[in-house]
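If you scroll down you'll find the structure; I have some questions about it.
Letters A, B, C and D mark the chains in the order given here, with residues in each chain numbered from 1 onward.
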Amino acid sequence: MKFQIPIGPQHPALKEPISLRMTVEGEIIRDADIRLGYNHRGVEKLAEERNWTQNIYLTERICGICSHSHTTCYVQGVEKLMELAPPRRGLYIRYLVGELERVHSHLLWLGVAGHEAGFDSFFMYVWRDREIVMDLLEMISGNRVHYAINAIGGVRRDIDDALTAKILEGIATLKKRSEYYLQLGANEPSFVARLAGVGKLPKERAIALCAVGPTTRASGVAIDVRKDDPYAVYDELDFKVATADTCDVLGRVVVRVLEVFESYKMIEQMLHSLPDGPVAVKAPRKAKPNEVVSRYEAPRGENIHYIKSNGSDKPERLKVRAPTLGNYPATVEMLKNGFIADIPLIFAAIDPCICCAERAVTLVNARNGEESITSFGDLRRRALAGHHNAPLKGNAVWPF
Amino acid sequence: MTDDELIEKIRKDLAGQALEVLHPDRRRIFLKVAPEALVSAVRLLRDAYGFTHLSTISGVDKGETFEILYHLATTDTTVHVRTEIPKSHPHVESITPIIPGAILYERELQDMFGLSIDHIPDPRPLVLPDGWPAGNYPLRKDWKFERPEEIIPGGKS
Amino acid sequence: MKIAAFLPELVRHLFKKPATVDYPFKKLEVPEHFRGTPFLRPERCIVCRACERDCPAEAIEIATVNEAEKTFRMVIHNDRCIHCAQCVDSCPTDPKAMDMDILFEIADFDRHKLKKDWVYARAVIKPKPAPPKAPAPEAAPKP
Amino acid sequence: MAVLRTLLYLVVYPGLIFLFFYSTFCEWFDRKVYARLQNRMGPTHTGKFGLLQPIADFVKLLAKEDVVPEAADKGLFTVLPIVGLAIVSTAALLLPVWNFDLSAPGMTSFSGDIIVVLYLLSLPTLILFLAAWSSTNLFSTIGGTRVLTMLFGYEVPLFLSVLSPAILANSWRLAQIAAFYQRRPLLILPNLLGFLIAVVAVQAKLERTPFDIPHAETEIVGGTFTEYSGKKLALFRLMMDIELVVSSGLLAAVFLGGFPGGALLGFVSFAIKTLFVIFLLALLRAMTSRIRIDQVITLAWRYLAPLAVLQLLIVILLKGFLS
């Protein structure tokens, strides 16, 4: 018997609204479809109406986890448009925050993977240790999530020696803990049984479907913008691109944990060779008409911004492609012929950060399976009517 | 292969088709082709130079025309294939048969600019809601969003 | 692969102090430069409106109360504020008229109570001995 | 007098009132241990050490709106939580905690009560399946089929492993089995393997990690309970809590030598032994990740069932050796 199960727009496995339609046969998924549009905020249109400075904070709010990657991608593009050269120290701090963000994002993901697999203890421990890096980011920037440390022409805050020592100390602890989690993740039988061989994405399909980030790297394709298109400080740093060739969720876990180790290495390198000098230069308010493509390796993969200026203090066009969108076609491929039980794991394995969409609700009539779409306004009206017609709560009978 | 060598080769291979080749920065090559030559140009880039990775497709409303940029990348460099189509006849051929990963970007382009991608395998709307009124294309410059007046009990100030 | 790989770690933590904090009763300290809520020092504000112009969330509103007496009213809508502190960066005065404190528990049932407003006369900065370089163009009020 | 005594037995101890409070205490204990194993606090503020938290949750659920899906079989949907609660409470009465006489079988302690308890413990699974099926929700339906699929996995190892100590004690009566092991405590040791198998199987019966597959929230939302709300959900949760007490009580009675010493001392040993079993269950819950339904069946039939048979073999050989 074939039937469709709707995962989303509201579902405990999804932290943000997206709709996955699964056609299943028993416990096996035969077909998958992704519907977006539940969360569309019109960022690109909005950006055309704000000035260059305001847009930093707008792009920051594209994503709550990789907030720094969007601003960095935007800011390094705008700096090219304005022909600014940020001071070395500013750049080092900017990419230091970028790597710390990668650590926090990957640890967050590792915990979520544990949670999706029902391994809540693992999730609790990983997130407890993730607090170390969150606290470091808070000390550097003054905030835990939206660091707002980027400014056009550099960064907004400097770090001193005491903070440097604290970061090094935190990284040393995290290194130890990450090693433990790598050991644990590879040794706990029930966890490995859930991850190994799940969500296969062969190398040629990963390339054809233009997947990005750890998803592709776990299929043995070594693409990493930091290596391929080394921006700012990355050609001065010594790091490896972590890959795995198992093409499954376990491979994605391994790639991410290995990347965390590379990030620790890079953070130490950056802190040890932190140049002196100012952290920012003053930026003009306007940019000459030009266009620029800015690429950044976000924790989830390649982030690309296309920015076009028209000589005013506002961009003519800002095109944002967040890495998750690039991974959706590959996700559909991975879900096919998997188990229902693996949906959250496979979907979580691309580390989804759903930042494109809107409001509509699908009602499925349980008796005849008819689907109807209700708009938000209509739902609201229904809710209000239901509320008005409902008996007064004060008269409700207390159950005992 | 350095950028200059690549540009040289592209110029030779796309002799009649490359309308303009710009090289503003390291690893950034902007190539302009006519809309008819788009598919063959992308196919050539994929097959001859290994540009298998499509980063995204950007659309820009330039008043009378739409400009579409296909951001292609290899591990060495990036090529941004640009084409311009008139607003009066906004049709462009789908590149999904060549690069399957392009499907979502093409659907997004259809939604946001109201151009039609010919022979796209899956033309359903992607990012706009189901009840979205037809003929509204948010990223066109003539589409203005009127922000509904914010109702805060007691007013804004 | 080994059975019960997690066991030693779990049992080790059984009698350890919890890592979580009993939040509403005990609080963690925020770091020194934490970005809390913005506030204005009205005696220093020269009404250049740089903060109003650069605020990404349109949370700052400056209205003229009396043109002749040069009195103004600034409202910070904390219900819109995204706590980015761009207003502090944009503020050209030295010391800054806009600043951030470390308050973060500002939630309320009524968004009106989140507003803060100041009615004040415009400050006049005395010309400094060395002419300021950067802030000068910023200080010019926007038409 | 006998009537009063029976009434006391049914309602106060070890009947409904005791069960209610003890099962909420066990839930608190389980939650607290689970939280402490994860370096968290667990329930803290409701009552001393958060002891009243499960009761507060129960009361809160009772006060919540009760929604019955339009397409559901309303009668069945409503009656199932009550029937389920009744079944597990009945099973609890059969535990040899108080008021049993070894020589004279009575209403609550008779030859074969171990089988009756096991069957009464199987029924909640069917109740859950019916509840899932009658709510017509897609996620519930999947949850329901998973409940039944899992039943075929853990039931056989559980029965085999629980019955082997009974065979050694040569009795089908819980009180007598317990008395046998109280007399010869060393004979508890040969049943250790069976005890471990039974703990794993009970974990599966109670649908706790790694076997929380029927209501795996990240996969199928609430699974069996997706459509349940308010009072009905409260009753179901209470049912699961009491099932936890009964199953751990059963394991304690069969494997750990029962609860000797009359009302007071018996209660103390009951508490200690059940809490020990619940601690093991909590540890197992903290230690593992949820496995897939096919992996449950593989685990049960490839490892648990053969090991249970091995345990049976050991017991039979031992019995021959002893006699």
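We take it that contacts are C-beta pairs under 8 Å (C-beta built on N, C-alpha and C of every residue); 3 or more make two chains touch, one makes a residue touch a chain.
Computed from a prediction, not measured in an experiment: that's the story for all the values here.
Student: If you take the mean of the Cα atoms for each chain, which one ends up farthest from subunit C?
Tutor: Relative to subunit C, the chain whose C-alpha centre sits farthest away is D.
Student: Return the chain pair with more inter-chain C-beta contacts, choosing between A-D and C-D.
Tutor: Per the contact counts, A-D leads.
Student: Could you please state the distance in Å, as a whole number, between where the Cα atoms of subunit A are centred and where those of subunit D are centred?
Tutor: Here subunit A and subunit D have centroids separated by 42 Å.
Student: Counting in whole Å, what is the centre-to-centre distance of subunit C and subunit D, each centre being its mean C-alpha position?
Tutor: From the centre of subunit C to the centre of subunit D is 55 Å.
Student: If you average the Cα atoms of subunit A and of subunit C to get two centres, how far apart are those centres in Å?
Tutor: Inter-chain centre distance comes to 27 Å.
Student: Centroid from C-alpha atoms only, then distance subunit B to subunit D, rounded to Å. What do you get?
Tutor: Each chain's C-alpha centroid was found; their separation is 61 Å.
Student: If you look at subunit A, which of its residues touch at least two other chains?
Tutor: Only 121-122, 125, 128, 188 qualify.
Student: For subunit C, give me the residues that contact two or more of the other chains.
Tutor: Answer for subunit C, listing residues that touch two or more other chains: 6, 10, 19.
Student: Can you list the subunit C residues touching subunit A in their complex?
Tutor: Touch list, subunit C to subunit A: 1-3, 5-6, 9-10, 19, 30-31, 33-35, 53-57, 82-86, 89-90, 100, 134.
Student: If we count contacts the way the header does, which residues on subunit D are in touch with subunit C in the complex?
Tutor: So the residues of subunit D touching subunit C come out as 33, 35-41, 44, 283, 286-288.
Student: What does subunit A use to touch subunit D in their complex?
Tutor: 3, 5-6, 11-13, 27, 114-122, 124-125, 128, 188, 190-191, 193-194, 339-344, 366-367, 398-400
Student: In the complex, go through subunit A and note every residue touching subunit C.
Tutor: Its residues touching subunit C are 50-51, 53-58, 60-61, 121-122, 125, 128, 131, 135, 138-139, 142-143, 146, 148, 151, 156-157, 180, 183-184, 186-189, 192, 282.
Student: Under the definition above, what is the set of subunit A residues touching subunit B in their complex?
Tutor: 36-37, 40, 42, 44-45, 80, 207-211, 222-223, 227-229, 290-293, 295, 302, 304, 306, 308, 316-317, 319, 321, 325-326, 328-330, 356-360, 373, 375
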